[in-house]
Amino acid sequence: MLHIVNKSPTERKSLDTCLRIAAPGTILLIEDAVYAATRGTEVEARVKAAMQRFRICALLPDLEARAVADRVIEGVATVDYGGFVDLVAEHRNCQSWL
Amino acid sequence: MNLGILVNEGPYQHQAADSAYLFCKAALAKGHQIHRVFFYHDGVNNSTRLTEPPQDDRNIVARWSKLAQDHNVDLVVCVAAALRRGIRDDNLAPGFRISGLGQLVESGIQADRLVVFGD
Amino acid sequence: MSEESGTVKKFMFVNRTAPYGTVYALESLEVVLISAAFEQDVSLVFIEDGVWQLKKGQQTKGIETKNFSPTYRALEGYDVEKLYVERESLAARGLTEDDLLVDVTVLAAEELGKLMDEQDVVLSF
Amino acid sequence: MNLGILVNEGPYQHQAADSAYLFCKAALAKGHQIHRVFFYHDGVNNSTRLTEPPQDDRNIVARWSKLAQDHNVDLVVCVAAALRRGIRDDNLAPGFRISGLGQLVESGIQADRLVVFGD
Amino acid sequence: MLHIVNKSPTERKSLDTCLRIAAPGTILLIEDAVYAATRGTEVEARVKAAMQRFRICALLPDLEARAVADRVIEGVATVDYGGFVDLVAEHRNCQSWL
Amino acid sequence: MSEESGTVKKFMFVNRTAPYGTVYALESLEVVLISAAFEQDVSLVFIEDGVWQLKKGQQTKGIETKNFSPTYRALEGYDVEKLYVERESLAARGLTEDDLLVDVTVLAAEELGKLMDEQDVVLSF
């Protein structure tokens, strides 16, 4: 299953809730959630730990807008909107953690 | 693949409407179909033809109308949410239509995937 | 109202927000009722602050807003009977099943994750 | 005391508009003055006369209009935010007027307190 | 100073940020923030600790709407909208932690 | 544009939200510029995700949205020179002053709390 998270991990709890509940699968970070894909934040350790269970991707245009495309955690894949579409198509179902 | 889209937030205040639009554009470019874009909650505010954003900013409403025109995308605004928020047939931008929540459920049933954008 | 092709899909509604602070809880219920009318296989999940939607004893006179919590009790009449609540979300808020205005199935996070994986359509508000 | 109010969210989606209204009503009941209610961001959507909420729900826009009428409260909608969101003079509910952000700053200067309601 | 908090403490960080930054004064919990005034939640200990530095109030109509008026932490004062107005008037300035 | 009575109040703008995910950062800047035109004593505070507003190198072409970050550099021209950032908010995000596109004063939470207390009008977005 594809889990789409769009909230800042330092302001909202939705990423943590997703990590607690979701069965192993893919997580796509978009909008303010892309900060979770960056090195050096207080969230980094939780995201790295989650990489044991999830494939983690982040939307490149959102990383670029927020000026953090150059500090993506190793092992997090970046995708453009076309890649976002591919992820939706590849998985049987998806869930947005609004 | 046939994709349904749900947009739960209005234009400008949240990025949801932007993300949904750019997703639709990318999906169409890849040869997928958009079964329907359904606008719910404040998402109904995407459909007002009265917006006039600054010249140097994107026109979110006009972008949706153009998407509908160029690719024959069905843009449906929830009637109950629209009535609460002052969206009516007479201020609807081109390409949008007002209908019931059944259209959202139908999209969930008929489309291969339903992708939700919101706050 | 039933869908012409007779397709039945698994629809899950994930409720994550407290009532009244935002409209999501109320407008989510409206979709749930419609999807039941389409004779789909509907599940409702309440996690995080969404569990507050089910708290017994809501009195909205003071905020001059409609109390929509009785609708949860009416869901059974629409054959919406699969209501799930995550155990940890309840505990983190000092709530137990007795505090809730409808009967629910309490699940651990992992069980809920599996159930989510089995759905065809997941709508979250 | 003279109170300024800022409302940053639209009706129904968030409770901010309700809280702001009930605060104003209580302040007036206590003999305070409302210097101005300024609507910014999605808050501008409080001013559309086109809303038709269900009969059993509150009519947020009409409540503001009545407050303006009964207590002569100045309801000001930010022009820049309004243009982005399709609020114009011709769909404005009674009691509201559209003006610039200077009206908000002026309210901050002239009122004894400025209270912000939003998301 | 009067600090007004309106976000759920279990979903957003705004109450924690307020508690970290605000100088001693009064905190009024309204809307979804009233859950912070209730007994038995994971937030209770933090709120109780904050009562050393802050007078904490909660808006009764919001507590009642959410069915938690009967589980308010001892020492948290409840006020109605009139009391909210009084709090604004009593303090020289106010800040909403949106 | 200056206010007729000549009153000068201390206005503080508290920026708590990341840019682009919501409109608050952009529309907040618009009020800041107006209040400067009214010749008020204006301070800007960036805390929590608000510090991201000042991150160097924003490129918004991919999200087809206006990049408004250059406006922060223009604030000086409007005599808006009091920009404060909370130390802990920066650190929690792996940021240092070098990452920011304008000069700011970095304050501890306690210092910031005191500064807030001294204001006449606090607007938060």
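Things worth noting here:
Which chain is which? They are A, B, C, D, E and F, in the order written, and residues in each are numbered from 1.
Going forward, a contact is a pair of C-beta atoms (placed from the backbone, for glycine too) under 8 Å apart; a residue touches a chain by one contact, two chains touch by 3 or more.
Keep in mind it's a predicted model, so treat the numbers as computed, not measured.
Taken together, subunit A and subunit C share the touching chains B, E.
Each step here moves to a touching chain, and the least such steps from subunit A to subunit E number 1.
Taking the definition of touch as given, a chain qualifies here only if it contacts subunit D and subunit F alike; those chains are B, E.
Two chain pairs, C-D and A-B, are weighed by contacting C-beta pairs, with A-B ahead.
Using the average of C-alpha coordinates as each chain's centre, D ends up farthest from subunit A. With every chain reduced to the mean of its CA atoms, the largest distance from subunit F is reached by C.
One finds 26 Å separating the Cα centroids of subunit E and subunit F. If you average the CA atoms of subunit A and of subunit F, the two centres end up 28 Å from each other. Averaging Cα coordinates per chain places subunit B and subunit F 33 Å apart. Annotation for subunit D: residues touching 2 or more other chains are 8, 12-13, 15, 22, 41, 57, 80, 114, 116, 118. The residues of subunit C that reach two or more other chains are 16, 20-23, 48, 63, 65, 120-122, 124-125, listed in rising order.
Of all residues in subunit A, those touching 2 or more other chains are 6, 10-11, 13, 31-32, 61, 80, 93-94, 96, 98, listed in ascending order.
Pairwise chain contacts present here: A-B, A-C, A-E, A-F, B-C, B-D, B-F, C-D, C-E, D-E, D-F, E-F [touch as defined].
Interface residues of subunit F, counted against subunit B in their complex, comprise 20-23, 63-66. By the touch rule above, subunit B contacts subunit D in their complex via residues 10-13, 41-42, 45, 48-54, 57, 61, 80, 83-88, 91.
Residue ranges on subunit A touching subunit E, taken from their complex, read 10-13.
Here subunit B touches subunit C in the complex through residues 6, 8, 40-41, 80-81, 100-102, 104-106, 108-110, 114, 116, 118, going by the rule given at the top.
Interface residues of subunit A, counted against subunit C in their complex, comprise 1, 13-14, 17, 20-23, 25, 93-98.
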